[in-house]
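Two complexes come next, and they have one chain in common, subunit A, joined by subunit B in the first and subunit C in the second.
And then the complex of A and B:
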């Protein structure tokens, strides 16, 4: 046990190549556990490795709260892992890559897959907003609003620890507001 | 979606024949899927398309988690995982030297004998590995 005052689980999710493994590595206190494997699907995303199982990291915050960080695989064929990892999660961080042509559709897809913020608090982090042709940050908030959803949306660089911590801190606030007992459960 | 062309037609054909021989000669084999480490079906035996895709994805997740645990425990590398359930067994076995990296997922029923199943699966994986070696 960590000896923390309270400990809970949050999940990082989002499409392939958005930087879930990178985000967890950016804030984890210890070297994260990763399950990267050789990526044969270079058409979907041109990178050498991809997560097939899960990422796992851990962070102890100044107020004594400990957070277990889980990352999902991004591809739809690993959907069963989303359900497994989402079980008992106190909150979800959805990462979206604005440079991907279907970024707004991906936003809907992942927000819906994790309960649209109604079951579990969700915070959205949007990366690569400076990419030519990427929708502006407002487009992501508006997309959610047209569906009656009001979720926090931030522009982030998942390689930067402060950016990822901003997402985590915001999620913690949402979790506390939604259910104050959850943090001490 | 079929990812077969990604893996080379000749080697995939050899793998398919190896799977069929394995299924015929090994008691209790219900189905088997040869899968890439990132969860695509390469070849399959006695399982529908959708079932093969699901088993491929699940097998790759299990294999990846098995490797992570073996690494964590300092006993690298994970060669196989065995799930023993009430009425059968699932084995995820690493295919040696295959490029790209692959595993074989096997579902067997109560008629199987674990030692025999593992021995036959290892022979099958060795033959498949030779086909996919560069």
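And then the complex of A and C:
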């Protein structure tokens, strides 16, 4: 394998404040390189910094190759970055925050943006399900089922490494099962 | 086109009217021609999951298909055919077509309870309970490690600290669920019924569950909630395979290179969790096992680095 063929890229995506940087940090060899800027949209999400370009982490393998981990910016105005980062990705992990009022719409939005699992395997992690008023996990599964999409949806807390590993391991199983010619098409 | 009769009970007026309008829209678009009927004559029942209609209790004792309709925000019933109200016409179409496929080539149904292997008594009683209507009763099942209790609206079950690890890790002989006037002891943990359903299938007796058909092709309607039931790598791989194709037991074992006994347990668990769609389709082409992934070595290396190797 060489060039783009040998690149193994996993993309973490989802709305602002959902924990993409945290998830990458849980498995990356080193703290992720972030391109954070001051959050000027404190009304939408109350945190001081947000990712404007991308997060980058990597996992070096024993044979000298590396797995690259990219986190997309969460805000829709950086949508163009999603296409760039999603290009030739081996798989995508979509993170959704159930406590956000438009969580179900966000699910559609991000799943659609990355090909609805038809181009690239997608795994979905839903956090903050215990938040008062948050839809149950079933509502997210139901939303996908309605659209004829059978994608893995798990309740997770990305601050817990085992939860991040569950998402990654599931993604790897999907990649193994998927059409092996997909990435070169 | 095959004509089918469907009855509606226990739904609110708005849901009933919406359903009737949708049936008209589906005329000519569904795999069968559906017409409204009474529960006595119907082949399929559409029922409010938490209503208290006698017709549902009667229906629950049969193996005829039932569509359980539940309200958004409440727990999804652990049944094969469910709809979340308010539902869309395409959702209804999907469910009705699924049912039609099953009706055309009926898959196996469970034998009468008295003929079942005693090890399946609990799972079968839970399956029956998922088809019943909620009356607020508590049901109990006894074992050598204590008694567990299930709310009949399937919103939760209650299990003691001695029984839970046994039940989730290996087969425990549990008696069939029976209504009880007792209350769950204070020390019992409240847990989701989905977990109870999953492990009663996974850790049931060896072999395919009596209500599953060896000839049928199976596919997943949705993935198991592995955030809750913590699946193994093999279960993740089986789910990945069944989320992409309908496969028979033999095909699934072949495709994933897993022992049939293990695949049977997985199918039993998915069936109990209400996420498995099964139908016999003689025209379906045999799937071809995918060639090894070209990322095979890299994926193995990544799993090793992350401590995911089994």
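Heads up, the rule we're going with is that the second predicted complex is superposed on the first by the 164 of 185 C-alpha atoms of A that agree within 3 Å, B and C clash if a C-alpha of one lies under 4 Å from a C-alpha of the other, contacts with A are read in each partner's own complex, and residues count from 1 in each chain.
Here is the rule we use: a residue touches a chain if its C-beta (ideal position, glycine included) is under 8 Å from a C-beta of that chain, and two chains touch if they have at least 3 such contacts.
It should be emphasised that the depicted structure is a prediction, and the values quoted were computed from it without experimental measurement.
When both complexes are overlaid on chain A, the residue A:177 reaches subunit C alone and has no touch with subunit B. Using the contact criterion defined above for the overlaid structures, shared-chain residue A:104 touches neither subunit B nor subunit C, since it reaches no partner. Using the contact criterion defined above for the overlaid structures, shared-chain residue A:166 touches subunit C, although it does not reach subunit B. Shared-chain residue A:33: touches subunit B; no touch with subunit C. Between subunit B and subunit C, C contacts the larger number of subunit A residues. When the two complexes are overlaid on their common chain A, residue A:135 makes contact with subunit C while staying clear of subunit B. No residue of subunit A contacts both subunit B in one complex and subunit C in the other. Interface residues of subunit A, counted against subunit B in their complex, comprise 33-41, 50-54, 73, 75, 77-78, 80-81. On subunit C, the positions that touch subunit A within their shared complex are 72-73, 75-76, 84, 87-88, 90-91, 94, 219-223, 225-228, 230, 233, 236-237, 239-241, 243-244, 290-299, 301-308. The residues of subunit A lying in touch with subunit C in their complex are 1, 5, 8, 27, 59-63, 65, 67, 90, 125, 135-139, 141-142, 144-146, 148, 150-156, 163, 165-166, 168-170, 172-180.
Interface residues of subunit B facing subunit A in the complex, by the touch rule stated above, are 3, 6-7, 36-40, 53-54, 56-58, 60-65, 67-68, 72, 100-101.
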